[in-house]
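Structures are listed in the sections that come next.
The same chain A turns up in both complexes below, where it pairs with chain B and then with chain C.
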Partner chain A sequence: MAENKSKTVLNRGSVQKIRELGLLGFIVILSVFIQCRNPSFLTAENLNDLITNTAILSLLSVGMMMVIITRGIDLSIGATLALSGMITAMTVRSHPALSPFLALLLGTTIGLLCGIVIGFLVAKTSILPIIATLGMMNVFRGMTFLISGGRWVSAHQMSSSFKHIATGSIFGVNHLILIAIITYLIFYYFINHTRTGRKIYAVGSNPQSARISGINVDRTLWLVYAIMGALTGLSGVLWVSKFASAQSNTAMGYEMNVIAACVVGGVSIAGGTGKVSGLLSGVLLLGILNNALPLLNVSPFWQDAIQGGIILLAVIVGALVRRNTDKKNLIGREE
Partner chain B sequence: MSSVNIQTEKKFSLQTFFFQWEWLLLLIFVMINIINAHLSPYYLNTFTLLDATMGFLDKAFIALPMAFVIIFGDIDISVGSTVALSSVVMAVLYNAGVPMYLAMLACLSVGLICGFINGILIVKFKELSAIIVTLSTMILYRGIAYIILENQAAGGFPQWFSFLGWGYIKGIPFILALFAVTALVFAFLLHKTTFGRKVYAIGNNAVASRFSGVKVDKMKVIVFTLTGFMTAVASLFLTSKMGSTRPNIASGYELDAIAMVVLGGVSTSGGKGRMIGVILSIFIVGLLRYGLGLINVSSQIVLIIIGLLLIVSVMISSLNIRMGKSKE
Partner chain C sequence: MSKYILELKGITKTFPGVKALDNVCFQLKPGEIHALMGENGAGKSTFIKIITGVHQPDEGEIYFKGEQVVIDNPNDSKKLGIAAIYQHATSYPDLSVTENIFIGHEYICPQTKRLLWKKMNAKAQEYLDELGANFESTTMMKALSVAQQQIVEIAKALSANAEVIIMDEPTSSLTTSESEDLYRIAESLRDSGTSIIFISHRFEDMYRLADIVTVLRDSKYIGTWGVNEVSNEDLIKAMVGREITQLFPEKKRVLGKEILKVHGLGKIGYFSDISFTLRKGEILGLTGLVGAGRTELCQAIFGIHSYDKGHIYLEGSEVEINHPSDAMQLGIGYLPEDRQAQGLILEWGLEKNISLSALDKISRNGWLNKKEEIKIAKRLADKVNVKARSVFDLAKQLSGGNQQKVVVAKLLTADLKIIILDEPTKGVDVGAKSAIFEIMTDLAVQGYAIIMISSEMPEILGMSDRILVMREGRITAEMTGEEASQERILEAAMKKTA
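So, the complex of A and B:
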């Protein structure tokens, strides 16, 4: 009996491992293929570009992973990102001497506030996450239009120290990459080694039993959406600084890319499953696709379809792998 | 034993809740009309009102089948992309010399196929959930539209094609007449046929309905295919209204359609909702937009208002359920 149990646990762990290895294998094959077609792919310079361009996506994905683990989803992040980016850019426009650190703090705070509102709706009023975030998406996007009056904040209106946030580097490593690495270290520790982090999984796997075993489900949900908001606010500042322009329609639809990265990275929409390591490979795959398609001279008009096709393929293969191991699991139990 | 009790409790409070919900919608509907009439002297005029319906009814054709999907407890976010793809295919075929009616037929078939693919994938890969499947196909369908037409516009349709979007039959806009008929058919389908009862049954408990002999998979494929087809109908109207098409049309339609359905009292957790609520909320959202447009409220504020309306309406409905529970 005890042996059987440990076998099942082992198998379940190996499902994720097989999945992750499969994804990594796919990434390696893809990279080799791209490298054969265009040798400039695996150069230090291009890899640096690739990771820099993927940094913002990776930040948002960590937050989204936690949201999805709790069986939720956040469709409002594109709008939150635009709102915090716009307010920060307008503040920088009127106060050019604002220190970059304060700008980052301002954006993060705005994002945090947005996240707290959504967290309240989801945790306290039992509105489904998809509806709450859909509604707030409209509200935040409308607010961005209102505040900016539909006008852009463009590069020449931003101080160089602000633009330096995303373009500068320490020891040759871009700030964006550094921020992403620090965030991942923090959240890796938070999700895997703190009590609050483990509660997120408990809430996602089974909200009822989590509640019965004394976990404050509402507070955990609220926290998760607040973190998502804060990360989105931070990303908003980085986005505006990177592209040196803030527009009302910044990052429209970007939430879909983030959700796609999570899903490809093995985060299950049913809740309770998802690991930082898997997420990283999902983010990496999307980053490589974005970076490599232009290198392969693929027409930009083909990129969406290819991306959509690969996401579909990845989730279907993932589902098949899981099904197969589940079947083996059952046979093992019968014996 | 206790779980049985909870079930009956739920059912009782739900009935009262639906009773209140549609009245509330009607109240909002009347209020919006009164406010609109107050704000603009040109509003309360049959001609204006009929004209106004032309502006928003194309989305309504998506909202009707979307109600079925949401009653299942599923969701379809690929509809905006399906509109774009079917419209682009129609325009390209027509410009290649295919007769217009055949091109329109192709448009409808593309919608049908898109919906069918969604349905098959959702049924064959149950662990993926409809959100993920339609999220992927949303990117995919829009991507194919971009491959076909790149960043260009295509149009030059024959004169009679604009009749769909702008024409009148005996003083009534064609789109309104067709919508009335379609809405009646959908209401009949949902409330008066075994098909509709099965939709509710699946939404309430898919496993139990399978054991009681409902072909859950077949039903889902049918409903998603129907959604694809109706989306293509919406695409015909939208294209006719605009006179030309681009791969980026109808972005955000999925959200509008979902908002209309949810505001109409259909719960996203499945199994609850009625057609009359959906139809009322279609007109509420549409006339609200139109009225605010009349008094020059910028579309950004309209965005905020509709977002808040969505949240407040769901909040009230969940409060109602809670109060119903605490009373007992």
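So, the complex of A and C:
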């Protein structure tokens, strides 16, 4: 297929690659800088920590990428994560013998149900995604407070097999990392090589054309939010297991980190564009920032602001590259 | 003083890699309607953008009333009294007509800087009355039809004291009677001394309205003629650079058996009591004024909208169509009127566009077979003769005519029996038009049944085996291609119920 590609496509592809390479270059420079300031950054132990800590963010980002590709957004994931994490933790508290697999399944199912509700609102009632998910965010968060009575489920109330989900490893690779890798492989093929993946892009690029081409737009939207919910539910269990505590305010505001990772990774909020490879570098950048700023002894008061500044910088560079491509395309039209 | 109000000499404009205009000359007299014609991509738009200051020429001179001027930006041309009215009205839908007319040059009280709405409303109404408009200056812009919005654009030009008005394809979305109103307005403007540059693909417009016609081809100036001294054939030859002997292919098809039967179809507020049949290999022309319910009827048959009453029979058995995917499964395809907004995904390559309605065909158990996709796309792009460097070209890089061919290719991926074409040649140049007609005829010969919605009389008369005329949601006439005439169709489209 590659040898058939015409010159224009190569150009367009290469621009996308330049953008991704630019981001990777930025990450390399940043890493070198951090390494100079604190040599413990690039040690196997710290890198393992970094990737383990980024695994949950990366899971959520794949789901969010698909939502954003369909021109939507999901603000409810922090709350969904807390709800599924809390219900799972409470179940584990009352049934310590519960198998870890069933715990994962339970959390994922709860997330899936939340996603199905949101998908229904977005696809069938034509409420704007930002409004629908804002509303459901509050509903889910409220439900978490209600069922927990505002109390925590803490480490000593969880079985060790449950805590083992996030701390254990196979062949020296942490479970979280394995789950993230498997998820990425699945979704890479899902997005790029299946009919449904193509439909998701079509719906986001031009909903009207997609509909007239015989694509069931409603069903596609519904599916995307359901997948987002299931991934969030899974992340909820992993989160609670990793931090060995379930709280009512778990992951409050975390959706913004996820959205930021997508945007830095080149997923356009206008819909229709976004690639798994780009997303990975976006997730990596956020992971490094979260890991390195404490290492550099940056005051916690400054960490958020610096993180925000670097995200903006990355997005501005991306926008400049895109503007250049668009200009070239415009000139192409005059021919 | 020069006898020309606007004169351009030796205009050349180069974009990186392309010469968009090559030594083009143009002269406009006061009180003249000057048609500017040429195929898509001939350089008309660039030329207009030079006059309105959007682009600056690399070489050449512009004279306004005999004095050399430099037009650096759109404001300069506005100050000289040049106004442009574009194909798609560039208005503010949520503002009133008055606000649209006076935007940028409002009446302001010199002391308090207050906007003088009363005065503006009255003045706007004056312009509207002068142009014979049937709406108030306080109406919201979005409540107006396309034709009415164009009148507002003209009023806006008048309010800016424009002496030269450029109209870029003003009639492309108007019906015959609305066009007639526009002609009348243009003529009255000319009689009061305003000069008009008129761009159109429609020969009827040019013959009806223009005094003089200038033709551009391949970025070059070809010639200027008085409208009465040049024949249709010569003009087409000048525009296309080759002779198109016949715009419409010959009708020599054998009609097959009845494939579609619509009985008593109705949707409140849009159409009612629609019954007709369609045979294999037949091209059925569906015409009438814009707003007569043609598009809504076809979209109901295709499942985009629902219908409240009536039955649709396909090959003798009744079918229910609730969604475009139902229709496509039954073998009905629809080519939408607005190919950019509804037919294509502009940022995608041709191969992905073409395969979009046939994803089932190129996938097994949900997995896409991209080799198969490219193969099908290549075959179909060749079949409809798309001019592109490869099937990986992006849809937005193609000209309007080629984009339309891609949408047709997309229809051919599905196993269709019936194809509904909604204004298939809208905004497409002469060369591409004849290509699209040829494809349609080919398809009909192969046994496809075709419904063609069109507002253009010559193409309805030239292409259809049978013609249905709609007015206010009802079919008011049915005639065969042989017995049809422009007069009969117009009468059926416009007659008032007693």
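Everything that follows uses one rule, which is that the second predicted complex is superposed on the first by the 316 of 335 C-alpha atoms of A that agree within 3 Å, B and C clash if a C-alpha of one lies under 4 Å from a C-alpha of the other, contacts with A are read in each partner's own complex, and residues count from 1 in each chain.
Criterion: contacts are C-beta pairs under 8 Å (C-beta built on N, C-alpha and C of every residue); 3 or more make two chains touch, one makes a residue touch a chain.
Worth saying up front: this structure is predicted, and the values here are computed from it rather than measured.
J.: Thinking of the overlay built on chain A, is A:71 touched by chain B (first), by chain C (second), by both, or by neither?
T.: After superposition on chain A, A:71 lies in contact with neither partner.
J.: Is A:305 touching anything from chain B or chain C once the two structures are fitted on A? First, second, both or neither.
T.: first
J.: Which holds for A:19: it touches chain B only (first), chain C only (second), both, or neither?
T.: In the superposition, A:19 contacts neither chain B nor chain C.
J.: Just checking: does A:211 make contact with chain B only, chain C only, both, or neither of them? Give me first, second, both or neither.
T.: In the superposition, A:211 touches chain C alone.
J.: After superposition on the shared chain, which partner residues are touched by A:315: those of chain B (first), chain C (second), both, or neither?
T.: Touch partner of A:315: chain B, not chain C.
J.: Should A:163 be classified as contacting the first partner (chain B), the second (chain C), both, or neither?
T.: Neither partner.
J.: Can A:275 be said to touch chain B (first), chain C (second), both, or neither?
T.: A:275 sits against neither chain B nor chain C.
J.: If you tally the residues of chain A touched by each partner, is the higher count for chain B or for chain C?
T.: Counting contacted residues of chain A, the larger count belongs to B.
J.: Which parts of chain A are touched by chain B and by chain C alike?
T.: none
J.: Would you tell me which residues of chain A are touching chain C in their complex?
T.: 1, 4-9, 12, 193-199, 202, 205-206, 208-216, 272-273, 329, 331-335
J.: Quick check: in the complex, which residue numbers of chain A touch chain B?
T.: On the chain A side, the touching residues are 73, 121, 125-128, 130-132, 134-139, 141-143, 145-146, 150, 253, 256, 259-260, 263, 268-270, 299, 301-309, 311-312, 315-316, 319, 322-323.
J.: Can you check the complex and tell me which residues of chain B touch chain A?
T.: Those in contact with chain A are residues 75, 121, 125, 127-129, 131-133, 135-144, 146-147, 150-151, 251, 255, 258-259, 262, 268-269, 298, 300-304, 306-308, 310-311, 314-315, 318-319, 322.
J.: So in the complex, the part of chain C that touches chain A is made up of which residues?
T.: Spelled out, the residues of chain C in touch with chain A are 15-18, 20, 41, 46, 302, 304, 323-325, 327-329, 334, 336, 341-349, 352, 356-357, 359-360, 363, 366-368, 370-371, 374, 389-390, 392-394, 396-397, 410, 414.
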